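Below is one structure, written out as structure tokens; the observations come after it.
As written, the chains take the letters A, B and C, and residue 1 is the first residue of each chain.
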């Protein structure tokens, strides 16, 4: 809510920041070898096999090539693979120098003659697989860093990796292939299924994690929920006696927070993805494959069905139910139940269609009334 | 702000996530012994004494029972205590198997005949106390972990606990019974009153904490506020020379941030509760027993009276005053002072009544105008 | 979204929190010696020189004084310097006891007769410099803490400081005068330019930092972006193969998150300032000297020109462009491109003028319709 004039507007000339930036080399994008391990080169047949795409030779009959990596359409070279997933970027496709392009069937004949075509009904997924072929995730290096502090009674699979300064309380169980980062704090009794990846500075307590759960740096799982009784002497804590259950394949973004339940569990269903800075209140339950975009918040005891999407900065009040496949728009404020499959937006939430109708109506009417004059001045809030 | 079709809608069948989840045992809820220490069993008289509730024997004259724990109405057994705080769950009360139920006087005669009744005018508080009787907070284990780094001149009470890899700068004072978690970073000169609980990964600098302050994991207290002068050469930092004062009994949620003052202190009044991911700007002052729900933000130099509630995702501009007992609704955008006792919501903030009147009016008018036809098409933003 | 009555309203009397706060000494504000190092005293001529202000002797002809510090107008003494930057505080100027006051030329003759006047066209900047003269930032103490873990091939300038329990992966480069806090986690290959300040618990990976970059505690830089393909078997990760580039002079607030790019870089332009709890999605690009206030979020692939301001809790959808010097209001929801220099607010975003016109129109019409009666009752959402 800016109130004064923009301070930058006072400047006659823009600030003269000097950039002495030495190390940025744009030609290393994507896949800067400082940060990523590269595999390859690969033949076209390798790319088709790994991605499940159908291979069509370049129209100009160019020989089979070897590919060294991936790149966006506008910068790819003959030795690189690119892809088109969005009709909006069609003009870039026509001008690309990429040696091969992944496309949906509808665009296959738009690919330039010099390029091989990898036709896929799921081009984004094919792209993901080819990218992972060239730039595989680094393998987990098993072993417990000598600085880690491991509590009594822990069971740690010998194929798991535990990073520097990690602290595991008593009786923690860590499955096969798990990768626990530096400075991670895991409370007593926590169980972590196979192939989980726990980022730096994550704190977990009172929680059970399935397999292939990923927690990005700074996520907080299992702390006390926001529960207290109001008394004449102030607020009195209500013991939070539930757990957090993160089912298989859940991913939780950086600095997100998931409180443990008070009297039942807080549950994130299998395959669900939470972005950064998301808040999940105590006793909340998300179904399978839900998507919660960054800075959204789900209040205590609210339940989401399967495949629900909650867009960025949306907020859901407590104790409501959101039906399967519902879609909650960005910044939406949801105060009551939402039907399965419904699209809502606005604060308070309403159907998409109604929201945009209201917006258009209000603009038209306010403009008209003001133009009609009538001496009424807009009184600012 | 979703723009395209919901990606999940493209799927003919929902994803087939396999859940191989091995360790979840729902019968351990609440109070899973992996995570909670249990006390008991207790007699009915113990429960009445600890909670201050009035005891009424079961109508069916069943003998005195011994209780082993607590549970929700729908899953409680004869050896467990349950409670009703919300009229909405009355149907569950009638069907419960709980051996005893805590209720407000108005519901006492709705309790099934087999169950003892604990009648309380503050049933939620009575519940909190009985829950804490069965599942007491684990005691603080005094001592400094051998990996902790303690600066010169620190004064640490011998009854305090300092966790693994904690770092205390010079001259830090730690009171009796304080519990400092793993990986906590405390800057030089910070003072921490008796019985504070500091969660894992908390960072504190330039701050004074009263007694019984609780900071959940990842809270950031006392860092530089967002203050700089705009100059022709860019932005120039203004030294932030105040402190953060957290008075007695304050609680601050996971990953919340409280900036220190620039020229005066940032103060959180006694007993106030901040949820997760809350932002408090420099020089802000909260009165006693304020509640700030998750993802809300209070800008610099704004002042809240006592007992103010700020609901989730609300935002308060800087340099304004919120009167005592005011209530700021979720997602509210407050741009100017709010009177004591007022209820506001909306962005910009307005009285509750006005907000909902506007919402209803707009819906009705937009619908009517569209139905009337008139050839006007909703023009989308 | 509060639904029930305010719990505090049930109380006849406000909670009786006892405050046993022992250590707060208001007379130490600003510049409590527990937390800040003081320099001085200084002569008026020193203050004028360091700030670039023009010096005018006190009208009452008082002798040259020596100054020991700074203070707000209302508490400053004859040995302290104060300042006025905002017309709203003029009444305080007239009553101040400060021995010297920094003011803009327009207010120079309002300074009381006993006080010297430091006249500056940039009084806030002059204040910043005088404050920094009295309370200089503590110098960096070069050296690597013995507990830090340093990977193979790191190049660390001998003038840099590395804090306790910091972990640097392989081949990390750290420039001259850099200050790395406790518990910092830096991934392999990261480069950190001269005089950067990295706060406690920061995690950095896949990133290149220019000179004088400041990261406040808990910031997360370079983790995986939120990118995945929807498949019949669930969500499949798309490798995130870009980097994060933080140009010279960038500052990022506590617990903010900046995801690395997927196929290009995420770039924060030179001099830009991000407040606490800000989210920056993958591939986003901010120009020079942008300001992003707390809890705002910028979605993937969105681009900001130079000198853009994004106010608190605003959200920008992905794949849009914001022109230079545009100003996005608090809680604004931006769904499409914004022109250079434009001021927008509301959700969806619209020009400031239109937003407040709509607000005023709706209030007037809803009130009028309700007063007219017509038997229509506001139907609550």
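Going forward, a contact is a pair of C-beta atoms (placed from the backbone, for glycine too) under 8 Å apart; a residue touches a chain by one contact, two chains touch by 3 or more.
Please read all numbers here as calculations on a predicted model, not as lab measurements.
Participant: Taking shared residue numbers divided by all residue numbers at the interface, is the value for subunit B and subunit C over half (same) or under half (different)?
Facilitator: different
Participant: For the Cα fit of subunit A against subunit C, please give the angle of the superposing rotation, nearest 5 degrees.
Facilitator: In short, 120 degrees.
Participant: What whole-Å value do you get for the distance between subunit B and subunit C if each is reduced to the mean of its CA atoms?
Facilitator: Here the centre of subunit C sits 25 Å away from the centre of subunit B.
Participant: Give me the residues of subunit B that touch two or more other chains.
Facilitator: Those would be 1, 8, 15, 17, 165, 183, 201, 218, 231, 234-235, 249, 255, 270-271, 277, 289, 295, 312-313, 315, 317, 330-331, 333, 347-348, 350, 359, 362-363, 365, 381.
Participant: Of all residues in subunit C, which touch subunit A in the complex?
Facilitator: Of all residues in subunit C, those touching subunit A are 1, 3, 7-8, 10-11, 13, 15-17, 149, 165, 167, 171, 173, 183, 185, 187-189, 191, 193, 201, 203, 205-206, 208, 210-211, 218, 220, 223-224, 226, 228-229, 231, 234-239, 241-243, 245, 247-249, 255, 257, 259, 261-265, 270-271, 277, 279, 281, 288-289, 295, 297, 299, 306-307, 309, 311-313, 315, 317, 325, 327, 329-331, 333, 343, 347-348, 350, 354, 356-365, 381.
Participant: Quick one: in the complex, what on subunit C touches subunit B?
Facilitator: 1-2, 6, 8-9, 14-15, 17-24, 26, 29-32, 34-36, 70-72, 122, 124-125, 127-129, 131-132, 135, 137, 145, 147, 163-165, 181-183, 199-201, 216-218, 230-235, 249, 253-255, 270-271, 273, 275-277, 289, 293-295, 312-313, 315, 317, 330-331, 333, 335-336, 347-350, 359, 362-363, 365-367, 369-370, 376, 378-381
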